[in-house]
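All remarks here apply to the structure that follows.
Note that the chains are named A, B, C and D in the order they appear, and that numbering of residues resets to 1 at the start of each chain.
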Amino acid sequence: MRLSILTTGGTIDKTYNEFDGSLSNSRSVMEVILASLRLPDLFIRHQAVMKIDSLEMTLEHRMQILEAVRVAIPSSDAVVVIHGTDTLSETGDLLSEKLENLKVPVILTGAMRPYEFRNTDALQNVTETLIAARMLIPGVYVVMHNRVLPFPGVFKDRQSLTFRSND
Amino acid sequence: MRLSILTTGGTIDKTYNEFDGSLSNSRSVMEVILASLRLPDLFIRHQAVMKIDSLEMTLEHRMQILEAVRVAIPSSDAVVVIHGTDTLSETGDLLSEKLENLKVPVILTGAMRPYEFRNTDALQNVTETLIAARMLIPGVYVVMHNRVLPFPGVFKDRQSLTFRSND
Amino acid sequence: MRLSILTTGGTIDKTYNEFDGSLSNSRSVMEVILASLRLPDLFIRHQAVMKIDSLEMTLEHRMQILEAVRVAIPSSDAVVVIHGTDTLSETGDLLSEKLENLKVPVILTGAMRPYEFRNTDALQNVTETLIAARMLIPGVYVVMHNRVLPFPGVFKDRQSLTFRSND
Amino acid sequence: MRLSILTTGGTIDKTYNEFDGSLSNSRSVMEVILASLRLPDLFIRHQAVMKIDSLEMTLEHRMQILEAVRVAIPSSDAVVVIHGTDTLSETGDLLSEKLENLKVPVILTGAMRPYEFRNTDALQNVTETLIAARMLIPGVYVVMHNRVLPFPGVFKDRQSLTFRSND
């Protein structure tokens, strides 16, 4: 199975700077996460498309992600987009609208707590996404917190800090 | 979603005894694993069917597991069996043969390294199983190491320490 | 052995807020750290004196810490002050100057990376401090990163992110 | 500060073999432990003297440890011996009896639970030992569980699983 992972920054990839005490998107922790998992049959190509907080994403950024997904699709059995949760559903809606005749699943995921923290949900969400990539039919989804939700119609529930479907 | 988890012991549940330095199946770590995950929509019923190393399992033990699965099915949307890896495929073959007209997926999983160890694969395998339970069609499977393999025809590859299909 | 631990906030106690993505001093993680250690002979009294970033500390705050140390000394065999590293040496200098005829060691410590992070130095520094409290003669010290440095004459080396002595 | 660390095996260094499910002394985890600590001023020389369970130690083994300590002393400011807890006090008594005119502290430590386990006491004991090595006067000690106990007169309390002094 050939999987493209496109990282864009977001909470999951925020790292701590001991010099100034800040949390920021300066590098991706994806390789560390992948190295902690046993993935004997998975061929992964990881591309850092951008490194930003999703609150700073403009339409231009989202079009850049769309383009990166389009480029990745022909050589991939599934495409994963690691994304900040604050505007993940906007990017999901855009991908869902613009990607026609999809032949593979495109899955967005992220985390409510950065991977560098002990009680992060990052490892759970990435683990779920990597196996969902093997089972889902073509479409655009968010996979997080033991849920698989198809776009459009997904929103971040800011009370319970998880994603839900409109219906 | 209603999920029944039946634990039987196995490597995943081996715990360390500081008094004599032994590793054994004396209690299940399943509740600790579940508490570390974010599962907002999952209703779980956990039953400890037995607590043994799967090398010690007799046909009688496997019949007991089959019976517990049968009892769990009517009230569950999926059934998970936590099992030692050494004879997991024997139990999977039996379940696959005896469970006719399955209406829900029955998933076996376990670990090559006990959960109490830092570099365990237990958390990965349970996380994968809990989300696969939402996506799989009825049947008997092993879900482990980013793979979903249907019974019959699955074996433990003792060289690479993972499960593979015969075909 | 009776040990008083006075927490004041600082990097070690910064926790992540999933609602707004901020890192702040809202609660102390000291009880979690202590629960992870084996301390069969240690009687601990933990008091949260304040919960602030040490960059925000005024002289008034430091006088409040001095007062809390003075109150703790008569009933303690050692006093530990958990402190932000940015102005730890200012508080250490003040304690060293004002505490005369000390009968017990007073040890300041903290961390360069919050305890909630995987690669924190908090656990190391607290572990070192708790055992140094048994061995040091009366005086004011910082114990961190496998070093024991007496006040006055200690500064935070902002290049290598550790404490050093002037001499 | 120049520190010699002599490893001999013991519980702390037991590692899990996924092929046969056994726990054994096949390699030392000391380098992994040391890499997880911040030790800016410590110059360490690590020597694996043997790799055995301390229940299997004969007098010959203990004489070999004594000899390794003697060889290490002239170039070291402190010597640490990592040892199984079951017969640690026998080796400590021997070192205490045979090492005359000691000029540096010799510290024995180990763990009740192997380092590879999540809830190990190995990291605590090594952290304590490395800082005690800076503070102790010459002598032979066990440092473990926030205690510093001088030989002779130390025993393993098999009820509470820690070391105590006879007096």
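The rule we apply is simple: a contact is a pair of C-beta atoms (placed from the backbone, for glycine too) under 8 Å apart; a residue touches a chain by one contact, two chains touch by 3 or more.
What you are looking at is a predicted structure, and each value in this text was computed from that prediction instead of being measured.
Fewest steps needed to get from chain A to chain D, stepping only to touching chains, is 2.
When the interfaces A-B and B-D are ranked by how many C-beta pairs touch across them, A-B comes first. A centroid comparison over C-alpha atoms places B as the chain most distant from chain C.
Taking the mean of the C-alpha atoms as each chain's centre, chain B and chain C sit 46 Å apart.
In terms of their C-alpha centroids, the spacing between chain B and chain D amounts to 39 Å. Averaged Cα coordinates give chain A a centre that lies 28 Å from the centre of chain B.
Residues of chain C found to touch two or more other chains are absent.
If each chain is drawn as a node and touching chains are joined, the picture is one closed loop, every chain linked to exactly two others.
Taken together, the chains touch in the following pairs: A-B, A-C, B-D, C-D.
Those residues of chain C lying in contact with chain A across their complex are 11, 14, 16, 18-19, 21, 23, 53, 112-114, 116-119, 158, 161. Per the touch definition, chain B reaches chain A in the complex via residues 37-42, 121, 123-124, 127-128, 130-132, 134-136, 143, 145-148, 160, 162.
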